[in-house]
Structure formats: structure tokens, C-alpha cells
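You will see two complexes here that share chain A, one where it goes with chain B and one where it goes with chain C.
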Partner chain A sequence: MIKQYSYSKLARENGETLRTFNTDAVKNFFKKINSFLYGSIAIILFFLSWEAASNYDLLPSSVVPPPTRVIAALAVSFKSGELVYHMKISLFRAMLGFLLAAFISIPMGFLLGTFFKTFERALLPFLRMLEKLNPFALFPVFMILFGIGNVEKIAIIFWVAQWPLLFNTIAGTRSIETNMIKAARSMGANKKVLFFKVILPAAVPGIFTGVKISAQVSFFMIIASEMAGSSQGLGWYYLSSSQSYQVPLMYGIILFITVLSVIINLLFTRLEKHFLVWKESSFQSN
Partner chain B sequence: MRRLLLKIHDRFISLYIIIAFFVLWEVAPKIGWADPNFVPPFSRIVAEARKLTFLRLFIEASVSLKRIFIGFTAASIVALPVGFILGGAFPKLEKFLKALLKFLSQIPPFILFPVFVVVFGIGEKGIYTVIFWSAFWPVMFTTVAGVQGVDPLLIKSARSMGANNITIFFKVIIPGALLSIFTGMKTAMTMSFMMLIGAETLGADSGLGWLIHNSQSMGFIPRIYLAVILIAGIGLAVNYTIQWLEENIIIWKEAGHDKAI
Partner chain C sequence: MTIQNKIKFVVIAVVALILTLSISIGAYLGRTKVGSPSELYSLKDNDAVPAANSSEDDKNLIPIRTYTRKNCTSTPILVADVKGFFKEEGLKLVFTGELKSTEILPSVLNGNNDFAETHPNALATYVAGGAPIKAIGRAIIEPGPEVDPKFRHMRWFVRADSGIKTWEDLKNYKKGEKINHNGLAPSCTTFIASTIFDKYGIGRDRLNFINFDTDQAALQALQQGNLDVACVHPPFYKLAEESGLTLIGDSSDSGLGEAAGLYLYYFTEKFIKEKPDIVHRFARAMQKAQVWANSNPDEAAKITADFIGSNGNASHWYATSTVIDEEQVKPWINDLIINGKLKEGQIEISDLITHQFEVR
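So, the complex of A and B:
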């Protein structure tokens, strides 16, 4: 994006048309598609060799079914609506916990990072300690406190999602050069202006790094917590299929969960990049 | 004197909150802010630890640590050469396989546990595999990144000074990639410790995760809290050990670097 920006500016200055810029974008697009196809060859080969291995009895098909059967089982489950039902529940819980964490810990991070520095220094080691608490170990504690159900799941997601958000927001507010704050202040900026014009823009890339990490963690943990104790959701669906020895369906759900987490990963990486580029280009235009 | 006190106060400022937390934990159930059945006071958890005896806790902890040690070591032994080979010798193959490897690394490790139960049966193997899986990817990816991040100029200059491939590998590539590898190992250790507890709660007959799972199904609430504290303590200890190792090795590296300059 930076490159494109400077390129178009250069083109304008040289009196060229913007057409060169456009072909550049098209080329970039094809390059992306190309690398995507290139990467997927290995994945396709992996599944093909898995299929071949189970067809030629290299793998015991009762334990490792061929991918065609896995996909067929997944399709049956999709058609009956069961898969979508459990996915919706899992995503709903993960999203609610994640949003709750975002609404609470990003403002908290700002407060701790900017205005309450002594308090932050006192609190930070304690928070770091809490962050390191093993979430798997905390599942029973959450079950004791909230009972098993939606509230408990959302509380778990809130707990695990808040730490990356909080620490990255604090780190983001810290990354501002003090000279910038001094300069803004010497130009007569009050606290409000300082916050919205200097601190917030500089902290945004850090915050979105936190958003990415905690979105990944949220999805990961919702599956885990549903496996630990639930009667709904993808994690439970997976566990129940494994307990009833529906082996193809079990592999299908693993595949489905992995694809979902890849999608979430890509989506939020994109978002993070968007804000990172925005920061750099805004600095450049200055 | 006043300054000294202030300095001490400054040093321990973070300790106050931790102490306050434990005091609150002790007091809150006793004065009725929290239900003592669900949130037992801290002293009852200490009493529970006494009842279980130190030896028993030590045995559970050492079983868990043994599992982590074996799984983590196996993962490192496999992941380091794979990373060096993919990153250093076959960069094209690495590019080709990258998407597949990223895809495989996205599979949540604990989810594989039931699969390994189906494949190998209940037992230690499933837990080892979960730890192996969670430790393998961070180590491998950071090794590849570390090897590829070594300045090509350094390799070229070593080669022009007549170093053969083995010398280049040991004197240039390994020291150059070490920082990145250590970051990966740290992540791998944190991940595998987390996954260990998850795997042990799903199916094991000993270990810290089992302690939690067992006390949950028997309804020993103080014991659950005890296990949480124990796991947190051991997690912190493992973390600090790795950090200490990293700092020591990096210091050695920097000193070596300085000498070379």
C-alpha cells in the first residue's frame, strides 16, 4: 500500500498516466493468486497421498479413514444442520467473550499505560502472574464459580482474551515517542486532543496485534472449554463423535475446526496489516 | 533512612498487590463476601496441601515434568534438524511446503488427543504426542526463520576466508539463528506446558492435570484450588528457567561476537 501510494505520486509528478500503477496492482494480484496456488499444491498432494495410502491399506482405515470418507461424513453432518448449529454456538460464545474483553481491556490498557503509570507499575507483575495461570487448570474453577453453561464459557473466553489485548494496548501506548507528546503539548494540546490525535493513532497498531492474538486464542479456547465440559458446541460435538467411535466424522470435525481457525487467523492478520500500513503511510505523508 | 525506605517501597510496590490479593482471598469467604464452599479461604488450601503431603504433590509434579521433558526433547530433536534442512539447504522446498506446514500447525494439539487414543489406546503415548505436536511447530518455524535471517554477507565472507560448509554451519549459521530458536523454544515450552495440563485432564492416571480432573469429579474443591496454584507455580518456575538459560546463552553469544569484532 505504501509502495502504491508513493508510486502513484511519482507517476503524477512525472506526468505519466496512472495506467502503469494499475498494471502494477494487477501484477501484484496475480502474484498473490500464483503463490496461493503454489502453496495449495502441497496441501492437495498431502490429501491425495493420504487417500492413496488408505486405499492401498498402508494405513488402517478403521483408525485413519481416507479423506473422501472424512469429507463425506462432514457433508452428511452439514446437511443435517448439526455442524452449522454447533459452529454457531461456538462462534457466538467466542465472539461474545472476545468483545467483552475488547470493551474492557482496551480502555483499561489506555488508562494503565498513560494516566496511571505508578498504579500500572504496581499492578503489572500481578497481572503478568495472572496471565500465566494455565487456562486448562482454571476450567474447573470457572465451573465452580459460574456453573456449566454459556456464562462459564463466555467468562473463560473473556479471561483468556483480555491479556493479549491489555498488554498490547499498554505496549502500544508506551511506543509513542515522548518527543511527540512534548511537541503536541508545547503546541497547546490539552489532554483530550493529546489522546485522540497523538496517543490513539500511535497505539492502534499495537492494539490490533493484541486483537489478532486474542481472537486466535478465543477460538482455540472455546473448543478446549467445550471439550472440558459442555453439551453443545464444536468441541463437544467433536468429543461426542470420538466417544461414539464415529471416526470419519471425528477427522472431519478436526479438519473443519482447523479450516475455521485458519480463516480467523487470515482475517485478523489482514486487519492487523491494514492498521500497520495505515500507521506507516500516515507517517510517510507527514 | 527515609530514602532507603522509599527505595524498598519502590522495589516491593508490586508485592503489595499480590499480598493484598491473598489477604482478600483469606478474608472474603470468612466475612461472607464469597461462599466459603465455592471459594475456600487460603488457609484451607494450605491445610489441604498438608493433608495430601508434600511427597504426593512432588510425585504428581514430577510425573508431569517428566512427560513435558520427554515430549519437548523429542520435538526439539526432530524440529531443529528439519528446520535447519528446510531453511538452509532446501529453501525452495520450504516455500513449497510452507502452506501445508502452516495448515498442520493450526490444528489445536489437545484436539488430537482423542485421535491418538483411538490410534494408540489410552496411555502415555497420547500425552507425549500432544506435547510433541505443540512443541514441534514453534521450534521448527523459528529455526527456519532464524536460518533464513542470517546475513548472507556473513556466509559469503566466511566462505571467502576459506571456511567449508561444516565450519560455516557451526560458526556462522548456528550462532546467527540461536536467538530466534530460543524464542521458539520458549513459546514451545509455554505451549506444551499448557497442552500438558489439557491432555492430562482428558485422559491420564497421574500428573497435575489428573489431580485437577480427579478432584473435580470427586468434588474436592480446596484441592482444585491447590492444583491451580501448584500448576501456576511450576509454570512460572519453568518459564524463569528458560529465561535464565536464554539470558546466559545470549550473553555468551554477545561476548563471542564482540571478540570477533
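So, the complex of A and C:
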């Protein structure tokens, strides 16, 4: 009797938990939809006003075509494979330059921010000066050093992507409280444990700020760098459509680049959240 | 509010006021200078070019606006202004500021500028894209063999160590590989180069066009080995020769005759419809200026060089009548069809030009 009562109570409680969970999930889903729609109002209004302005001749359609024509031109380009071809080239160049910068700048930032602080103090003003050099003015220099093509474009991306990664990693390692390191040492943590369980997790927010900025800058710069000394890539494709006066396609490429940029930002924001959760769990497991 | 907060508030307000004033004054002083080339030139305090439009009569002149040119295409316009041909027609040229090539057409369409000029292939893509414009007369043309070759539209250079001396040599150069050439289609560079490559049996399919901002950048890329062939306009012929590059040919090698340099003045259809008298006056002024520039090439080159700040010869050869021969336009359009930029029959030559304002 007692057993039966316990089972039925348990079943009742589980059912309620399930019901509560289902209700919460539905609520969360609608909340997300609501927030998405609310955030989209301005964007939808912008496109509707643009369409109306073009259709009612408030904007000269030969200079600013309506968004429906822009999207149609983009669809044609996508179907022909041209858009995808140029996107792949741009993303490949941007990704390679960014990864190269990450592999070099993040470890260098750790070293300068932790074990070589004196060296960092001596080097930092010089590195800051290099960071401030206008990358657009450096295009000819990269062309001289690396020739025209993928290597030159990747080198440009590496150059611009390395600075946010380096300086934010240094800032991230500096933000670690010395008490935390002392406490870990007093508890017998060796260098490996200290690095992976204390320093690295604590520096993650700083690193990810750098990663996010670098990813954005890389994508921005690849488009700019492909506008000179190039015969392929999204930057060149935009310029080519502009030169051929394919105005709807020209706007379509601008729109496509914007959407790609937003996607890149979203991806890195998700990745950042994932790593921040890892940071929390890493601290908790200590 | 405490006294300290009040002081803070006053200081912030004063700083904000000073900043706003500084920005406003800076913006006013640094604004784009608008005026006729001779007026703009006199601002430089140099009396090499007489300021033709400086009298009181200027007030009665009708302004005609265009973007500021700092390249080899500017000669006839500068000559018409400096030598008073615009004034004779009751016009006053106004330079409205420098623009990037992609901004020129929008500036004409939105009415900031009244006219501009371009090659027939660019004009055809503009019209095919829905731009309501029409060409009214010719500017640059390719000169005949009797004229000094330095006035030809474009020249092609290669590195001295490339082993190439003529177009024929390109047939066996880097066999099976693309030949890197400066340019972004459709332009005069890509059209004439493709025509020459076809003519000499090299084949346009071997051309890989790489875009550069300027001819100077293309020459630099050629010297570094990033380009195989570079095509340049005046005034860069001198620079190319001084850099030890080898000349392999020029635009006359295309066999297109005058069409190899064809450059057309265009206005919006609205402007043509509403102000045909101004377009007529403009066409007459340009015809006189172009005849003068061909007869006085050294002086025309000096006027151009003084204005654009270049020492080299920046002059072309100009049409002495603004009559547009439709046969000269056709090859430019056919090239667009071959390259898939236009469909057959998409554009008729009558969509691009009007013979209404031709001056013989």
C-alpha cells in the first residue's frame, strides 16, 4: 500500500514536472519568436519603405532599384553559381588570414601578458604603433612583398586580425587576480593545472572579445582588399557589377555581404557563450 | 545642484560649444571648392593660365556643371574654359568636385552634374541598366597614322626581361596559361586588349583582367612581375618608358580606326528635353575647343598638365566634328555581347545616342 502510494505520488510529481517543463519550453519558444519579430520590425519597415519609395518614383529606380529586383538579381547570381564562387574565395582568404593570426597572436598574447611582462612593456608601444598604421595605405606594400593573389590577401587579413587578438589576450591575462593564482599554488597546482584551470579560463572573455573583433575586421578587410589587385572574390564581384552598371546585383552583393557579416557575428557570439560556460564549469570543477 | 556640479556643467557646455563651432568652421573652410577650372586654377595663385571667366559678364553666363577631372580626359573641357569657348556660347563651366568612376553616372542622374563622358561600352551598360541618358557628341578619338603616335589612346608595356617585343611574341608566352593584364570589364582597356588579342591570334580567353585603381599602380605591378602586360593612358607613357619597360603596341593596333579611342559626352534625357539650347551651346563650344586642342597640342597639353599637376603629356586626339558615326559604336557593343554583358538585340545604337546636336 505504502509502495503503491509512493509510486503514484512519484508519477504525479513527474507528470507535473513534465507539464511545467513543457509549459516553460512553449513559453520560451514564444518569447523568442516575439523577441525576433519585435527586433525585425525596423528591418521590415526599412525594406517596405525602400520598395514603396522605388515604386512610387521617390527614388530613381535606375540608381536605387527596389529590394524585390535586388533580391531577384541576387537569386539569379546564386543560381548561376557565381555568387557562391566568389563567396567561397573571400571566406577562404578571410578564414585563413584570421586563423593564422589566432595561432600566432593568442599564444603570443599569453606569453607577453604572463611570463614576459618586462618584454611586453618594452614592446607594447611599438606594437601599438604598428596597429595604428592604416591598412589601406599598406595595400601597395603587401602587393610588393607578396605579389598579387591569395598570399597577399591572406597577409593583409593576418595583419589586421592579429592586433585585436594580441591586445585583448594580453588584457585578458592581466585581468587575472593574483590572489587566485596564489590560492591555486597554495593548493598545490602545478604549472599545467595553473594554466589550464586558472589562467586560461580567466582570460577567455578577453580572448573572445579579440576573436569577435578580429573576425569582423577580417571579413570587412577582405572585401576592401579585393577591390584592387584582384580578379575574384566578393569585393571584386561588387566592383565588377558596379562597373557593368548591374545596379540590382550591386545592391544585392552589398546586402549579401551584410548578411554574411551578421552571420559571422552570430556564430562567434554563440561560440563565446559556449566558452564562457566552459569557463564557469572549469572553475566549478576546481 | 552643488557649486562643483554647476562648474562642471558650465565647463562641459563651453567645451561642447567650442567643439561645435570648430567643426562648423572646419567644415566650411574644408568644403569642396566649386567653380570653373580657370577660377579654381587662379586659387592656386599661378598665372600660367589666363582666367577667362573673371569679368562682370560672368553673371549673365549659364552655368553648366560637371565633375572635376584630374586625368587625361580633361583637356577639351579645360581648353573650352580657359580659351573662352564656353563664354562665347554664353556658358560658364562649373567643376563640382572630384568623383570616383562609379559615382559619376549617379551624379548626372540626380542632377548634381549636367554632363559627363564615357566610352560606348560603359554607356551601353548604363542604358541597359535603366539610366535615361543619351550621348550627344564625340570627345576623344584614335588619331590616324599621319598624327604623332603620342596622341594615341593607349599603349601596352611589358617587362624588358620578358622576352616579348611584339604582339606576336605573346602567342608563345606562358603557353597554356592566362596572361595577367590590368583592367575591369567593361572598359576601354579590356575592350581594346581583347580586340588586339583576337586580331593577333592570341585569343581573348587567355586574358586574365586584374583590377587596379590607377594606371600607375598597374605599371608598378608590372615591374614587380605581378602583371604580364600593362595597358596605360597618357600621361603615364613617359613614366613607363623611364621605368625601362618595353613598348609592344598601342590602340591603333586594334585596327578599329577612330573607334579605338571613342569617348562620348552624355546628358540625361530630361536635360536634353528641357534644355536643348544649352546642349547645343555645349556641343558647339566643345567642337571649337577640340579643333583648337588638335591644332595647338603643346599648349593644350600644358593647360592640362598645369591643372592636373602632371609633367607628362596628358593629351589625346579629339574629334573635330561632334558627329557620331554609328559604325564606330558597333564594335564596342559587339564586345559586350561576346562577353555576355549584354544580350543580342538588348540595346540598339539609337538607344544610346542622339544626332540632334551634332556640330560639323
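Just a few scattered comments:
The working rule: the second predicted complex is superposed on the first by the 245 of 286 C-alpha atoms of A that agree within 3 Å, B and C clash if a C-alpha of one lies under 4 Å from a C-alpha of the other, contacts with A are read in each partner's own complex, and residues count from 1 in each chain.
Methods note: contacts are C-beta pairs under 8 Å (C-beta built on N, C-alpha and C of every residue); 3 or more make two chains touch, one makes a residue touch a chain.
The structure displayed is predicted, hence computed values, not measured ones.
Aligning the shared chain A places chain B and chain C in steric conflict. By the touch criterion defined above, A:A228 reaches both chain B and chain C. With both structures placed on the common chain, the touch criterion links A:L133 to chain B but leaves chain C unconnected.
When the two structures are aligned on the shared chain, A:V141 is found in touch with chain B, with no touch to chain C. In the superposition on chain A, A:Q246 makes contact with chain C only, not with chain B. Legend: residue contacts after superposition of the two complexes on their common chain; A:S40 is shown touching chain B, with no touch to chain C. When the two complexes are overlaid on their common chain A, residue A:L123 makes contact with chain B while staying clear of chain C.
Touch counts on chain A: comparing chain C and chain B, the chain ahead is B.
In the overlay built on the shared chain, the residue A:P107 is in contact with neither chain B nor chain C. When the two structures are aligned on the shared chain, A:S61 is found in touch with chain C, with no touch to chain B. Of the two partner chains, chain C is the only one that A:W236 touches; chain B does not reach it.
With the complexes overlaid on chain A C-alpha atoms, the stretch of chain B that clashes with chain C is 113-121, out of 23-31, 113-121, 131-139 or 185-193. Shared contact residues on chain A (touching chain B in one structure, chain C in the other): 63, 140, 143-144, 227-228, 239, 242-243, 245, 247.
Across the complex, chain A is touched by residues 13-14, 16-18, 21, 38-39, 95-100, 102-103, 106-108, 110-112, 114-115, 117-119, 193-195, 197-198, 201-202, 208-209, 212-213, 215-216, 221, 224-225, 227-228, 231-232, 235-236, 239 of chain B.
Residues of chain C touching chain A in their complex: 101-102, 105-106, 109-110, 122, 125-126, 128-132, 180, 184-187, 208-213, 217, 220-221, 224-227, 341.
Chain A contributes residues 60-63, 65, 140, 143-144, 147-148, 227-231, 236, 239-240, 242-247 to its touches with chain C in the complex. Remark: chain A residues 38-43, 45-46, 63-64, 118, 121-126, 129, 132-141, 143-145, 220, 223-224, 227-228, 238-239, 242-243, 245, 247, 250-251, 254, 257-258, 261-262, 265 touch chain B in the complex.
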